[in-house]
Amino acid sequence: MTPLLEARSLTRRFGGVVALGQLDLEVAPNEILGLIGPNGSGKTTFFNVVTGIYRAEAGTLSFEGNDITRASPRAIYHAGISRTFQRSRLALPLSVFDNIMIGNHKRLNQGLWFNLMKRNAFKREFEASYRAARALIEVFEPWLAERMFEPVTGMTMIDRRRIEICRALISQPKLLLLDEPSAGMTHDETTTLMDEILQVREHSPNLTIIIVEHEMGVIERITDCCVVLNFGLKIAEGPYRQIAADPQVQEAYLGVA
Amino acid sequence: MDIGLLAQYIMNGLMAGMMYALVAVGFTLFFGVLDVIQFAHGDVLTVGAFTALITFVGVHAAGVHSGSIALLAMLIVAIFATAGLGMLIARYLVLPLRAAPALNTLLITLMLGTVLRESVRLFYPQGANPKPFPALLPANSINFGNFNLRLDNAIMLAAGTAVIVGVEFLLNRTKLGLAIRAVAQDEETARTMGINFVAIVLVAFAIGSGLAAFAGVMDGFYYNEINFGMGLYLGIIGFAAAIIGGLGSIYGAILGGFLFAALQTIGTVALPFASAYKDVFAFAVIIIFMAWRPTGLIREKISERV
Amino acid sequence: MLPGVIALALASLYLSALLAVEKQPLIIGLLALAVIVALGAYWMGWLASVSRSFADRENVLGTMAIVAAFAMAAYFHDDHFVLLLIVTVLLYTVATLGLNIQFGYSGVLNFAGASFFGIGAYTSAVLNARTTVPTLVVLPIGGIIAALIGSLLLLPVLRTRGHYAALVTIAFALLLKAFLEVNDVLGGPQGLQVKGMTVGGWSFNDSIELGKIELSFYMSYFVLSLALLVAAFILVRRLERSWIGLNLDALRLDETAASCFGLDVARWKITAFTLGNFLIGIAGALFGMVGGFVAPNNYTFADSLILVSILLLGGIGNPWGLAVATVIVIVVPEKLQTIQEYRFLLYAVMVIAVLLFRPEGLLPRPLRSYFPGWRP
């Protein structure tokens, strides 16, 4: 089966630091892949390279068989890859609805004439978008669905994560990149959030996910397969059980015994 | 072209470049330590020049007629006054706005510039008119064929170079300079290393502003007059120079200053009919340059973590 | 809706009083009264409910505002000075609405607003004098020329951070003035005369007689300016309340994230900047005809800073706040002659205070509501 996303010898340096060293990685369609490793091992850099924020210095990236190594962030989004950020990047002064709609860019009519002059048609599109956003956020937290037109500023960390994930999902991407979704949350909040993510997956069975996480419980629970990075290099690959027992992985996380 | 005329153009260019470099270094210092564009910098220069003038008038009124004492007094008072002003600006306008979007700092300093400029125009007697600046440097000149090397210009060039070398020395060979560079690179780490962040910022602003005063006095001696709008003009050029050189790099700022002056000189030579066009030419080149290399010759340090 | 109506009525009465009164002590008294009432309203939370009222029932209140404007114009029907002041306020509001699209929505700095305003005015001067283009058509042409020049200027720096755009626009403001003063083709420092507007066969510069009542010739300009303002206002409102307004906010707040969600940042910045300059240019073109002349000294960098001050004082992104701030900034120095000289200084100080203590401005921008009054 052709992988959905394939990285071959992907390399990226920052000055003298090798953030990604000739990384080979494959993600099969519909799987949930866990990307783990100690801090600074290159996980977020990988996401940034995939989404076009950083350019790879060597190697190739392909998505659905198409080469995306040199693609811009916009092109990546239009191809069907969506992401969340490690440091929550929501537009705080805007409403919940507005934030989710930012993620919906490709499904909305961006024409000047449409937006300024055809207000009735615009209203219909607005209402349809509202219903779609509402339906999506209700999978996560019905309480939020009642607050679609409130500003995001006052909201809790877990609610902001939910909104961010909805922003990434509203465009119905094929591949979702989750960057440490559980950062800053308690154990219970994390469990809840993961439940909700799994529920979403039931609604959209064609969704493939790569998740970067530090909480191993999460990884064990929801991933099909894992890739472990250390200093930009892949040191292990396989189902969680397998990599957890790998001595190299244990050393990377815990140091020499 | 006549070698004497060429030499004259070069001299003018060097003088201008020196002044722009001094202003540009200030911009770069402020941007380096706090990531801010201090748009009142040029008008601080104006305040410096006028302070020097006031000092001169005061010294004369006190009965002292020695040119060198007056000169010394002017420089010292102007530099200290602007250094103080710079510190006040940092302490009360720039530092409090660090949490706000960067735009706010730009705007507040822009407005402050207006306050300074307008204050000079309104409150200095006949402030709207250009004011004659005393000629305190020896005015004799040495003749090299067609080219007249004026002693005062030579002295100013030498002094300017000395100041720039001094700043470079301060930044690269002293502990204070090390602290400034540390803060410029990474505030948090610098703090954990025991550096008093606020103090360093104030010192950096003091140095940058003091440099502006020096440039302002130089400008006054060179053109024999000052006016309330001089700082705005020098400030915008100094800013452009700092950008071409790459914000955050001292050498870049110096390079940018002389580069801008060179562009102006080329513009003057190529279009001898109106002096306004030399500026249009120089800025046009800069704008096109920015399209090509937006981060300047020596890369601006962009520290955004994604 | 009631708070809004009351606020509107009070504001109109107050403004009429301020415009009518001549004696300086009375004016100072009126101004002091306004400050006290404003502070009181703020503390009592009335400002917030007025904002809400305007947000929810904007169409109705907007129509009432138009009626109020006509009422005021009717009251001052033969007073040239007051009508000219009102027209100036209307046109400056259009210009700041344009600046708002650039700065308030998409975060692109423009410190040459007055220069583009002046470009519109110069367009009127040249076209009215040298060509037979109908004066009404000259207005959008002024807008187009301002937009074109602006886009050429900004194209190189849109890929970079905000301070580069600041540099380019400030340099442009300074250089344009120097350039115009040196150039005799465009009148040099004296500037040019601008022929007034004519529609059909009728010249706007002729006074109007309705039976026994003689109206100031500025009346025609008033009607046209008000129409222009209403059109600009509706345009800006619709822009904000659309996906485009959302795009602009997204790119202002976080460019990187916006591009990760498909936004073409450069395209939208250019669109916003061009649209903004178009409005500024049209307003300038009409203003040139109203005033009858155009000179470089009226469109300097300091004047551009006045426009920016209006934006910051009124509340970035809030068109109603802009209107209020424009009235304050334009009317007060005209009435209080003693502060005319000091107005640049005064406004700069006020903006500094606002930025330090209330950066959101007089009337902060409320959350986007795509269709006011719409409930799911």
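By written order: A, B and C. Residues from 1 in each chain.
Basically, a contact is a pair of C-beta atoms (placed from the backbone, for glycine too) under 8 Å apart; a residue touches a chain by one contact, two chains touch by 3 or more.
Note that the structure is predicted; figures quoted are calculated from it, not measured.
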{"item": "Identity of the most central chain, Cα criterion", "value": "C"}
{"item": "Farthest-lying chain, centroid of Cα atoms versus that of chain B", "value": "A"}
{"item": "A-C or B-C, whichever has more C-beta pairs in contact", "value": "B-C"}
{"item": "Whole-Å gap between the CA centroids of chain A and chain B", "value": "48"}
{"item": "Between chain C and chain A, distance of the C-alpha-averaged centres to the nearest whole Å", "value": "43"}
{"item": "Computed distance of Cα centres, chain C from chain B, in Å", "value": "35"}
{"item": "Chain A: positions in contact with at least two other chains", "value": "53, 85"}
{"item": "Set of chain C residues in contact with two or more other chains", "value": "256"}
{"item": "Multi-partner residues of chain B (each touching 2 or more other chains)", "value": "306"}
{"item": "Chain C residues touching chain B - in the complex, by the definition given at the top", "value": "107, 109, 111, 153, 155-157, 159-160, 162-164, 166-168, 170-171, 174-175, 178-179, 181-182, 256, 301-302, 305, 308-309, 312, 341-342, 344-345, 348-349, 351-352, 355-356, 359"}
{"item": "Interface residues, chain A side, partner chain C - complex", "value": "51, 53, 72-74, 76-78, 82-83, 85, 89, 91-95, 98, 101-103, 105-106, 108-110, 112, 115-116, 119, 122-123, 126, 130, 134, 148-151, 167, 171"}
{"item": "Residue ranges of chain B in contact with chain C within the complex", "value": "37, 39, 93, 96-97, 100, 102-104, 106-108, 110-112, 114-115, 118-119, 122, 232-233, 236, 239-240, 243, 274, 276-277, 279-280, 283, 286-288, 290-291, 294-295, 304, 306"}
{"item": "Residues on chain C engaged by chain A in the complex (per definition of touch)", "value": "235, 238-239, 242-244, 246-247, 249-250, 253-254, 256-264, 271, 367-371, 376"}
